[in-house]
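Below: one structure, written as structure tokens.
Each chain gets a letter, A, B and C, in the order it is written, and its residues are counted from 1.
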């Protein structure tokens, strides 16, 4: 292999160099800004995470699996996964192998960063010295991989359903420029390398193209314009990148270690939330996932559009989108890059100014403290109360409106011989989660403080909850050292496993609905299923588990009215009744009330099922 | 005035001629359902804050429409935003949004 | 030949229409889904405002319509539109060809268990208005203790004027029914305090207001303006009702031995099913939609199909009977105008 130009430079590399330096500079400044926007503690945590080999290993795995192979998209749809990973991984390999070639054959050019990109313009190979044929083959192969991805991308623009997507993102102007320049880069590269393949050498793709081209274009001078065009396409893409969805490529590289370091969303627009916004690839997976999408107008309120509006600082739309959301967390669960749509929205709500702030100074928790020191011991049925377990049962606000749940829970506790006490017999203090969902942290903290005092004073060993909304906030925000926080579905699972509850099985077919805050919120999927399966035949909805559909009654949404939720509830019911179950079972009082309004079959809570199927 | 054994307190009577409705209208432009309350009292009966401040979103809306804003703010001060009132309202009024909107668009007297 | 008129529904509207059609010389056929005639009224004890026994009314109606063709335990399987008549296929295999159909399909009582916060089906002391009438008639209900009661409550508007229960309309008769039942219970349990929790008292009919006054003055029944939002249970198994006394502006709580839920009238799903066979329009409240709500309440937009009674919305007994006669007159004038 020899060089054919002494300088190793041609003016056509200038556009590329301009774009490259621009995008590198932009990303570097952006990364530094984001890291400095973190709180000092978070920043320390972030830097220290690089010293932890376990996290570092996970980083490396995630960089490969998420950025290059798009594993999560593969799981969703093979074609969609191939499309994304062929472009990402193919391009990555082109860059890597390009650099290897330079290192091996023209090491004196390593410092010229354009050299690997335009390698084949600068070198020549004679038939007798086909040293690079292996790499030439690889380069052609990966170029073909990328091109196949581009072809699929073009098809996807027209027919997204083939890729398992009902609705796709409406592209913005900069996205379109980015998209077309990206589509142009690789065919132009093929053309340019095709023109020079008889000089520089090539492989199956470029060589054959060279033959075709020379059959009707014999003038060598044709090759220069194609190299120019290739360089200009790269320049356009890199210059538009920070203003388009392709910003996700560099942003995700930083997001992965930050996510693995466990940095939480703290501010509406700064630090990791800004990074998440820029990491959004606008793939639109969240549009189909969003339960509000049954009303077509709501599909413009999916997380992908929130991210876009945050980039544009369109405050009116940011407010509208973040207030409407049910906070079911499904967009977060399906997002291939890990944008936390629900947390970002709560953060947007948290920066809203309020003239009136609540004042809970006259809410007196002392009377409640006196009332909780009176554990009901069920002497008639003391089975295995070996560990001095004292259960404090907090039914929650919503359960006050579903007395069936509360009554069955108490009955089950008595049957199992559990020593328990009600925390909110005559109404209690709200757990604080609904206030947190509205983004008002200070008043929520005050409620949390008061409830903490009551719970600690009770001397309970276990805090039992019927409402998953409460469960999440108790687990995440309360500091109750030594007190186990447990949802009634988990607790019954344990009682059954320990043999303290004897459930009679039946033929009734129950479809289990995963409440958002229990499943996606607290990761509890298996325990309630085991409990339901003990009492009857467990049936799954069309979508369940991580992808279960919100009942539509969520307290997360601040602006959705009662009527606007109807279609969402009906859609969720249709999803659950796909296999024609006898009854719908849920584990949340709010889901129960919401489904109960529109369902054509009984809707029961898991504890009611167990109570009715337990003898003793 | 002492000799009569009674006096007119300015706050005990409502003079509709003097009520400034502009902010309530702003509230209604955001959440028109604020006008649909039929004062059934479901919300107040279920409200966990009611026992501390007498909170009742029904009364808050009524007081705002009658120009008694300070009283409305006092009632609202203990609202925990738990959503029970939204759940029980037979008219399906989004009471949580009303509370949040009032907190944003109204201001206390001393601040104005 | 006598004109055949098919009446779908053997409640009081259907019976009254049949008896009047017979008088005019037509041949009515009554199709009744259940095993008895008289519909909801047949299960009632006494009717307001004169406390007329419901049985007397139903017996009289049955007697006067006995010459009609009556199919009990029969439903409409399907209806075909012919050129200028209808072919009705019944569940017992009989098919009828007729030019005139009178829908008297009535209403259904709201399922009180759908409002879980009121505890119907959860607490033992919670019953509905129709359970209470059943007890008046038979004296049998495990939930009602014959021993003296201290306090009894009535909740008005259960499933009525309630968008959450998907019924925004007023059921019209519950206010007066609650007052009637409160008086009847007071007579049985003179020492009990009786509380009626209402949103608005709508006492529009003849002598209704007198009835209300009587309940207040002669029976000492307490009327509390406030909708119940929660019902709980104390250790002794009594129910605790939480409401707001909206006139006093204070939350109110009371312990009761018995709570009666005034389930409202909602559209009858069988009515909508039959209506869909003839492509009849359904109104936003779920009831059948008349041609207009002032001048042609008994007319449907389809030729030869008429309505009477609670299939178009909640009605009192006298209103239902009047509508049945009015529908008969409509059918009669339609037939005579055709003959000319």
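What to note about this one:
In this section, a contact is a pair of C-beta atoms (placed from the backbone, for glycine too) under 8 Å apart; a residue touches a chain by one contact, two chains touch by 3 or more.
All of these numbers come straight from a predicted model, not from anything done at the bench.
Ranked by how close its mean Cα position lies to the mean of all protein Cα atoms, the top chain is A. Of the two chain pairs shown, A-B and B-C, the one joined by more C-beta contacts is A-B. In this assembly, the C-alpha centroid of chain A lies 52 Å from the C-alpha centroid of chain C. Here the CA centre of chain A is 40 Å from the CA centre of chain B.
As a whole-number value, the distance joining the C-alpha centres of chain B and chain C reads 38 Å. The residues of chain A that reach two or more other chains are 400-401, 562-563, 593, listed in rising order.
Multi-chain contact residues, meaning those touching two or more other chains, occur in chain B at positions 46, 51, 88, 92.
Under the contact definition stated at the top, the residues of chain C that touch 2 or more other chains are 117, 163-165, 229-230.
Considering their complex, residues 352-360, 362-364, 397-398, 400-401, 427-430, 432, 434-435, 438, 440, 443, 447, 555, 558-563, 590, 593 of chain A touch chain B. Taken in their complex, chain B has these residues touching chain A: 33, 46, 48-49, 51-53, 73, 76-84, 87-88, 92-94, 96-97, 100, 102-108, 111.
Listed in rising order, the residues of chain C touching chain A in the complex are 114, 116-117, 119, 121-123, 163-166, 229-233. Considering their complex, residues 400-404, 407, 562-563, 592-593, 596-598 of chain A touch chain C. Here chain C touches chain B in the complex through residues 117, 157, 161-165, 199-200, 225-230, 242-246, 249-252, going by the rule given at the top.
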